[in-house]
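Below are two complexes that have subunit A in common, paired first with subunit B and then with subunit C.
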Partner chain A sequence: MSDLSPILRISALTKTFDEFTALHGIDLDVAEGEFLAIVGPSGSGKTTLIRLLVGMDDPTGGAIWLRDQRIDVIPANKRPTCMVFQSLALFPHRTVGQNIEFPLKLRGVKPGARKERALELLDLLRLPRDYYSKRIQQCSGGEKQRVALARALAFDPEILFFDEPLSALDYRLRKTLEKELKDLHRRTGKTFIYITHSLEEAMVMSDRIAIMRAGRFEQIAPAEEIYARPVSPFVAEFMGEVNFLSLSAGTVAGAALSPAAQAAFAGQSGTLVIRPESLRLAPASADLTLTGTVAAEYLLGSRVQYRFDSPAGELTVEVLREDAVAGGTGAQVALGCDIAAVHVIPEAEDAAA
Partner chain B sequence: MKTSRLSSFLLLGYGIFILAFLYLPLVSVGLASVSKARYLSFPIRKYNTGWYGEALASDTVQSLLWISLKVAGIVTVSSMVIGFLGALAFARYSWRFRKGFQKLILLPIFFPQTVLGLALLMWFNALGIVPSWKTAIIAHLVWIAPIATLIVSIRAFSFDPSLEEAARDMGASQWQVLREVTIPLLMPGVVSAGLFAFLLSWGNFPLSLFTTGADSTLPEWLFAKMISGYSPLVPTVGMLTVAGSAVLVAAGLILAWALKRLRPTT
Partner chain C sequence: MRQRERQLGALYALPLGLFLGLTFLAPILLVALFSIMPEKVFELTHMPDFSAYRVVLAQGYWKSVAWSLFLAALATAILLVVCWPLAYAMAKVFKRFTLVLTIGVVMTLFVSENIRLFGWVLTLMKGGLIEGYFRHWTGIGFDAPLYNVPVIVFGLVYVYLPFMLFPLAQGISMVPDDARQAAFDLGATRWQILREIELPLAMPGIMVGSLLTFVLAAGAMAESKLLGGRAVITIADEVQTAFTYGQNWPLGSALAMVLIAIIGSLAIWAISKADLDAMMGRKS
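After this line comes the complex of A and B, so read on.
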């Protein structure tokens, strides 16, 4: 992505509200055609960021460039970008067709051409053509979602922004629409920037994930990389269940290290990040081994999750059902994992986070 | 849950009593207007609809109707405009003095109308303005425009601000946002405000009494005739006043129904 010039460049973007700083001079490059998800807990500044990007609010400092045009000085209605709102913001006093045609009407496109485009978009979003004259109130949640998308695409934006548009839907519909959205991204080739607090959503759809925390980007990388190599305990925890072990001058309290592990960690201090699925039960050989007592057991369909008490602290382990522990709660089990499955967050970054 | 026979009987009786309590007086005015006798007495011995013809032919009644209509009409239109703009300030946009504005605008409603009428009359005198039906318009507006604002505000409060933002995001100018989104969505509120404004102005007595000067509206004339010079023309004109309101309410309901029915398909 870095070899192409970015379609969107944010530099030193700052936003303050009275005493509160919502964005601390953040930078970001987005490549043309990319699907970027911006993820963070509520209050992390992601909504503030998207409002600055579409022009609903003015930044306190910094700049936003779309290709070689500076857009943060342009009013919202003159920017070549479009947003799908969390509430969808469909006009209740207009039909499905009129909603989709709205941006075209503003541009003075003739009614005939408008209708033609609206029908094409209904096809693209897999809505029946007779929805054209349906009222918005007659559409289901998923259909409204598609109408909102069709309207945004009718605008034909350079970048399409999404502000948690799926958050109000039930689980199954959300899953379906996540896949559809990804598919739509591929078919349209547009740049999508998607804001969500759901990491799962981000992981299913996006090329890259930007994790936000307290008005800053904590890490920007593809999902696999963030999952395997988080830069901070915050990111590691945000990416799902995780175990932290404390590494101090090359030793891990409560665990035995193989010669290879001793060599790898020699002299280092920080936090070891181990995912629950990386810990194995009663391993024949492992680089890091410790003993734990089963404190709790949860069935997760094809997998079983355990909570262990160990000298290194509480540990979460997830194994396939056929590898389950015999004996259940109270059983003493040897646990281990290989060095390849362990990620080290050095002390300095740990402390900063 | 099943209600017992007795309780549903009592409920029905109560309902009928309340309706009778509310509507019998109106019915009696209606009956009085078709009585042949010069003075009001029940039961009515002889019926006669001649008073309606006489009322409509009378120059006085025509002029009363015309003045009341002018006042109510202008108050209605002005209230709709003021109510719409006021509601945007009251409920939709946040601005510096909004809290103060929200309280101040309610104040005229809490003033007894007689006090408000007196205050306005003194004020017109101080400014050297001769009271007439035109000053009555101002007096009515002082009281009715805040009510219209509140009615439109109810609608404006339930308005999702992201609708305007979305329109703007898709390239609409301020004026286009207003025309395409804000006005159509607040329109039902504006229409109800207009209906209320008309009814409140059309039937208003205390403010008119103080501020119409030599002119007279229907309610003022009814009062004056009740005090001295009663004739069956009084209940007749009363019924004509009610008929005016009824026609307007019906027109308003039809308009509201049409707005709801027609808009999405045009």
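After this line comes the complex of A and C, so read on.
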């Protein structure tokens, strides 16, 4: 994904607060036009990072480059970037139109031209043109979201940052706006850097995901790669429900391996990562097989999720409804999966995590 | 049920209503009635005429009214500029020190205004705290910076500072930090943030503080009497003189009514212009 000349380059960026180190000398290149999501649990340093990127805080060490310009030494109001706040930070005493026009007014754009641009942006964000003179308080949550986006786009930033702007919205609206944001990214061609604690949100929208943990990047990769080949149990778990089996010297405690699997794992130690949907019930043949007892059953619409007790530990399995286990809780079932669906995290990386 | 609630509401409001009526409206009504009595009478039983108002117009009292309004406006403007940074610090920067500052400022109100002003007179007068020591050490004396208009304005600013400071700090605390940060992020300079974000969003506090100080300062007389040595006569001073030395209650009442009318209409105009709800973004 990284081009030869990235639009944004972060090198050895460090931020410490008294004794606490929020960022441990991190590096990152962002390509022009990329949609990068930075994901991490609270306290992972993602908010600190974005505050440094937009200029609301100064780094303790390291540098931020925007193309050829070092921007970490420039105050926020002189940087060619802007941010959509978590709270949206719309100006309550101004109308929708005045909010959108704000960055243009600061630059001394004439009122006529300002209004024209504001109306264009209303169109782009699919807001009715008569919202121009509406008060902010008259807008719904989703509409406010769009106004905040329009205001940021009116600034015409080189990079648009987002600080969890959808986190306060209800599920359905969030889903709609995720798609709209993705669509907007495509239409504007701008570089988007999006902070969120929801990996689901990141996967829907972004080209690449950077997973943060305790002030460092754990993994930076496209969504499919993070999902299929997580570098650590932390990343794997962050991606949703996952099963870990421990692999030691080529054997998996509590499970039987086919000759192919034995060959593949020979001599290796580490953690096997198996997604709940990769485990099959009563398979005719599988590379890895074990027996589990149904401990709990949850209906998830078209799918059913099971929690199994097995000699290899607790396992989560998700199957289509028509493949549900007969007998319910207490039933003994053979479980299996193929080697292609198993990802191995070698011991060294496991220990580092 | 509704009917009953409304009746109960009225009942609950009755004591305070009566209290306000007796202590606030009744005196104003009394003054209004006296203002239309013939000159120098002490009862309300005379045939009403408007001779007192004729005297007000004929004898150049407008100068006192003008001085009072001018001094009040000037003091209010100075207070706005002086208190803004302090109120900003109290609302956003000082944190725990704000309480210390609040107590310090409120403490001054425990001492009577006249005594505090006399303190300033002793400090500033010839042979007083400043000039006296200066002359003692250097042998050079100078005139006291008393008995002029600037020192009256200083006195007004000094006395009414708390009435501007606290509403202003309240107003500033209503400016959301993220709005300020967003404006900065969108390219606003410090001045643009002040003009576009902070002043409009703090407007309720600015209005309340300005109105309080202006109304109080326009009715003030101690500053001009004690510090100003009557360099100018304020309208409140004239009212007092009419009631006391002048023994002319109708004239004093007429003067008071003029002051009430001017300040009252100014206040009502300001409040109507300043839609507090809209300014705070509450109106939909």
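Worth pointing out:
In the analysis below, the second predicted complex is superposed on the first by the 350 of 353 C-alpha atoms of A that agree within 3 Å, B and C clash if a C-alpha of one lies under 4 Å from a C-alpha of the other, contacts with A are read in each partner's own complex, and residues count from 1 in each chain.
Basically, a residue touches a chain if its C-beta (ideal position, glycine included) is under 8 Å from a C-beta of that chain, and two chains touch if they have at least 3 such contacts.
Here the structure is a predicted model, which means the values were calculated and not measured.
After superposition onto subunit A, partners subunit B and subunit C are found to clash with each other.
In the superposed model, A:103 makes contact with both subunit B and subunit C. In the superposed model, A:95 lies in contact with subunit B only, and not with subunit C.
By the touch criterion defined above, A:274 reaches neither subunit B nor subunit C.
In the superposition on chain A, contact of A:133 is made with subunit B only, not with subunit C.
In the superposed pair of complexes, A:166 makes contact with neither subunit B nor subunit C.
In the overlay built on the shared chain, the residue A:294 is in contact with neither subunit B nor subunit C.
Of the two partner chains placed by the overlay, subunit B and subunit C both lie in contact with A:155.
Legend: residue contacts after superposition of the two complexes on their common chain; A:87 is shown touching both subunit B and subunit C.
Judged by the document's definition of touching, subunit A residues 54-56, 76-78, 82-83, 85, 87, 89, 91-93, 102-103, 106-107, 135, 151, 155 lie at the interface with subunit B and also at the interface with subunit C. The residues of subunit C lying in touch with subunit A in their complex are 176, 178-179, 181-189, 192, 196-197, 200-201, 278-284. Of all residues in subunit A, those touching subunit B in their complex are 54-56, 76-79, 81-83, 85-87, 89, 91-95, 98, 102-103, 106-107, 133, 135, 151, 155. Taken in their complex, subunit A has these residues touching subunit C: 54-56, 75-78, 82-83, 85, 87, 89-93, 102-103, 105-107, 135-138, 151-152, 155.
Those residues of subunit B that touch subunit A in the shared complex are 160, 162-163, 165-173, 176, 180-181, 184-185, 263-265.
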